[in-house]
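Labels A, B, C, D and E are assigned to the chains in the order they are written; within every chain, residues are numbered from 1.
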């Protein structure tokens, strides 16, 4: 199981700006698995993705991604950063951004009009068009990306993450800014890719409902450490309420799907995970969860 | 287009096409060549700063067709003149560099047309070039040289001699290094620190100590006359001029290039030397 | 040192210059408009040349072109206020304006025939040739600009940090941006008469950049900026006097040293806090 | 009803980049009302907020906000833009950003140490501290805002929108990037402010669940026009499915609250609202919904 | 015109310069590094002064300082690659480096002296004094730089547009940024020998800015950049020849005219499309 793992963390820890965010985290994800990373704001979810990408070193423990050290197999990873925003003056089209996801790491130059002469170019163009269609972004893919709405940009960026047919998808809140049907549609699309092409998916999310029926496993990060378990065990009213420290309900829809709903008025706001206002420079309380 | 003069080069009656980068050398070259030479100068406008000249295509054309090209060198016109020469190769062209004639290099004082001795060396060099280019007229050029030195420059020579005789050793102040060769020729005692003269001439920031020293020299009337380049008067210089006038020190000017532009070299020099002489006379009272 | 009237005036002017440049520069750094500031400073050059060519005083040219290019940059630059980054993205436009202004300057220089060495005053200024009247003019300009900044300060801060929300709140983001650049232009025009265009830029950017490295508190870092600016200018003047160096060099070097020190101290602190695997703090 | 309306649109239309986004929209919101703006990506929700703020002119119709033309009463509006992101190098603290929300539109300069001497300053400081506490951001409010996580920044920005006790809140996807308890907590907080202080709230949202129990009215924008109705009428399986053109279910949780869930695999992605890829320059199809 | 060897060489060199500056400048504008480019161009000046002072050739100084300041800016600038805007935010750092380099330059100038004529060469260059060997050197440098750009082009584009994702994909964002600035430094050093530091900057920024206004398609706009650059340079040279103007002025003016035209055309198109209430298209 460890041998064919797409990624594995063992006793891993990470610190940012001198603060230890979490430590002692063990995790291994196999091909075709769909894993959600949950946890409160600022707990280190995005930081975990950065550790997996190798853009931030782990402070302790061992991390292996696609059989190598993090960062070594980048071309087989599709990555969607959180809250990326292109400003209005960037003169590059959505389709170019997606295209860069396909071959932006190749040497050479993109030549204009090359598709007339090269069949490889035509195939690549075909793939870009296909994936833009998949996320439903064809209508605005030829506009400068800075002129697209938040959700439109997000869909183009998802296309960029998918275009290369990666073996591992690291998605940081990919459904943010998407409308309801698109949340469902993109979630289903990612699940289909996950199953059909045996891609491992690690998705940071706050709203798990759109992906709930597809989840194999849930990693829950709290201040200090992380817990992981099968979706069916973690996604229960009891476990979630305990983990979030505030009432969370898990309901069942007409067709049998589960729905997670936050408590009516969560007291979480005041029992903040930070012990006090002034100690934050010196590191957070470390409560191992395992 | 045909370069001027190139068609008539072979005929015996043809004039030598001479181009000078600056008009003070051009004026001398024209008078030395007389009727056997067609002279053109590139920098003729008194309002043009030769230190920062940007050459035009017309200049390139002019230099391309020259048989003799005279440039100052010593870092004065080196940013454009040598480039135009080498970019327009011409095997029948001779280049005369004043710095080479005088054995000076970049970083030395380039304003050698204010030095009497240097002017004479350049006259020799130009005549020698004419005689090399047109050996048939060698004696004509020799005559021209004598005439120029003895009659055209007579008043210039005489003023140099009188001032030197009367005022040698008189302490003076100046705005920039253009005055140094003149002071040396005339035996005047330049009190202004050379570092300051050089800073102003080259457009760098003069130091506070130099400025303080000059201030003191003016206030204490250590200098008898203040000479400045009217084409290059920075706020520093303007302040010094004002101070000198307040202190009753006679002020006189020199210019970088022929001014007015139509003057000959000797008319220009004589005018400046006369001004200087009367300033010295006023200051010293004799 | 005090026996020399020009040194006394240099210290007086240095105080006014440091405060003025510090306040204006602090916003310049915060707004990431260093390039705009630099371009405005540089366009003073064709301005002076043009004015003299047209028979006006160089001061008119300085002010005219500095303020004019500030207006052009402020009005043409995109970014109706959707993000802090946006402004920086008009960098191509600023570059275009600057390149053209300089080409124009060369033409005017050619037409007028001012000597480049007199424009050296433009580059290096004349910190040691400041008269009593100069000090008075400088103080007058400084008072006007600082008063204007005192009036718009908070709104400008809002517009700089958070233009979208500021605009929604009724803060005239665009007008403030124009006004700020005009004040920047006026400052540069007045200050560079004494400091030259090289040193004015150093005084605008270095103390502010240093202060913003030291602290993220707006009021405090503005205060640090002014203090650093004044100290650096005064010590620089003293060094220039006793060490017989050009003021441009001494002041810039001191300001640069401050910046490097602050930057290095912060980097070291960061690296130490980063925590190597062996010495994790789990407090 | 029109007289005491906080905002009213009458037969309003808007176009961006030459494209007509929507037209013929009527809407009026009273004090203490909590209104959600729903709709697919790129339909013009954020644009509607900008029209209400007066930063974009309406192409037709009349718009009144707080009794004046849009933009005239900005100091009584709390605004939260969509997807705002401060970059890591911005050297300003979260608390300063919130503070600017309180008095950033005043003339004058913020002086350091002034609070020692001025009581008005102390009161203002108190208010800033209080609102930062309310959104649970005290732990990181004194860090440079660029160094905060996405959700942390979002909470500080909500505090900024609230700090002035505005009469109208225009919030563009405020719950984006927030964790589940905080979504619930912030939603409850906004509701409490809405009811207690009779503030009108207009909130753009994709995920309505956290605010569902507080909603008075829903505005649904589709390409061309907009429909609005009481929450109880719009938030039904039938209406939402018709509006989104894809299955959407409305369930009831154990405590009686409603929950909206997207269809299992929405076909919406392919039946994109844009008629074809090339006509988008010339304006969208106009289907009036009223 | 062709009978004058220096005009022939000017046209040859103009072609190489326009292509080289166009390609490098296109990325400079896309990456919003105009300020960095400008600073690098400007530091060539102290470089040449320092080299001559130390008895080396000015060319060594040009290349040394241009590439050196490129390295300093690239290595110190923050923005490990989290956003396009980020880079622009090192503007304070760039400003600091530039101000200090210029102060240093003034010192070297002072130490060496006798350098003023080279100052004007530095500002205005000598487009009409290009020899056959100069053309050869230029072409050699252009070929090397363009080959390097051809190799890294696509990765650099990725790293410029989307640094976070590019870094995740294994593109060495930081190394590319350093390499690019070094290539920019080499280009500036070589090209400004002929064009001067004013014109090189115009050629870097104006054609690229114009092309990026015209189209958002990367390959096409790179092509437009080069075409505009070559046309502007050649027509500018012809204008300079027949109108007897300085090349710096003619080329900059033409390039500026192109930019203004493109910008105006776009604004007009935008305003027309904006649709006034009376004439809404509901297609």
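Convention: a contact is a pair of C-beta atoms (placed from the backbone, for glycine too) under 8 Å apart; a residue touches a chain by one contact, two chains touch by 3 or more.
This is a predicted model, so every value here is computed, not measured.
The minimal number of chain-to-chain contact steps leading from subunit B to subunit D is 2. Ranked by C-beta contact pairs, the top interface belongs to chains A-D.
Once the centre of each chain is set as its mean CA position, subunit B and subunit C turn out to be 41 Å apart. Subunit A and subunit B have Cα centroids lying 76 Å from one another. With touch defined as above, residues shared between interfaces to two or more other chains in subunit D number as follows: 17, 84-85, 87, 90, 143.
Multi-chain contact residues, meaning those touching two or more other chains, occur in subunit C at positions 83-85, 89, 106, 110, 116-117, 123-124, 212, 246, 248-249. Residue positions of subunit B touching 2 or more other chains, listed in rising order: 51-52, 54, 201-205.
Per the touch definition, subunit A reaches subunit D in the complex via residues 17, 38-42, 46, 82-83, 85, 133-136, 138-143, 147-152, 154-155, 173, 176-186, 188-189, 206-207, 209-210, 213, 244-246, 248-249, 251, 253-255, 257, 259-270, 272-274, 276-277, 280.
The touching residues of subunit B, when paired with subunit C in their complex, are 45-49, 51-52, 54, 176, 200-209, 211-212, 215, 231-236, 239, 256.
Put simply, subunit D touches subunit C in their complex at residues 53, 55, 71-75, 77, 79-81, 84, 86-87, 90-93, 96-97, 100-101, 103-114, 143-144, 160-161, 170.
Note for the complex: subunit B touches subunit E at residues 1-3, 51-61, 64, 74-80, 82-89, 106-108, 110, 198-199, 201-205. Residue ranges on subunit C touching subunit E, taken from their complex, read 29, 32-35, 37-38, 76, 83-85, 88-89, 91-96, 98-100, 102-104, 106-107, 110, 116-117, 123-124, 198-199, 201-202, 205-206, 208-209, 212, 246, 248-249, 252-253, 256, 259, 263.
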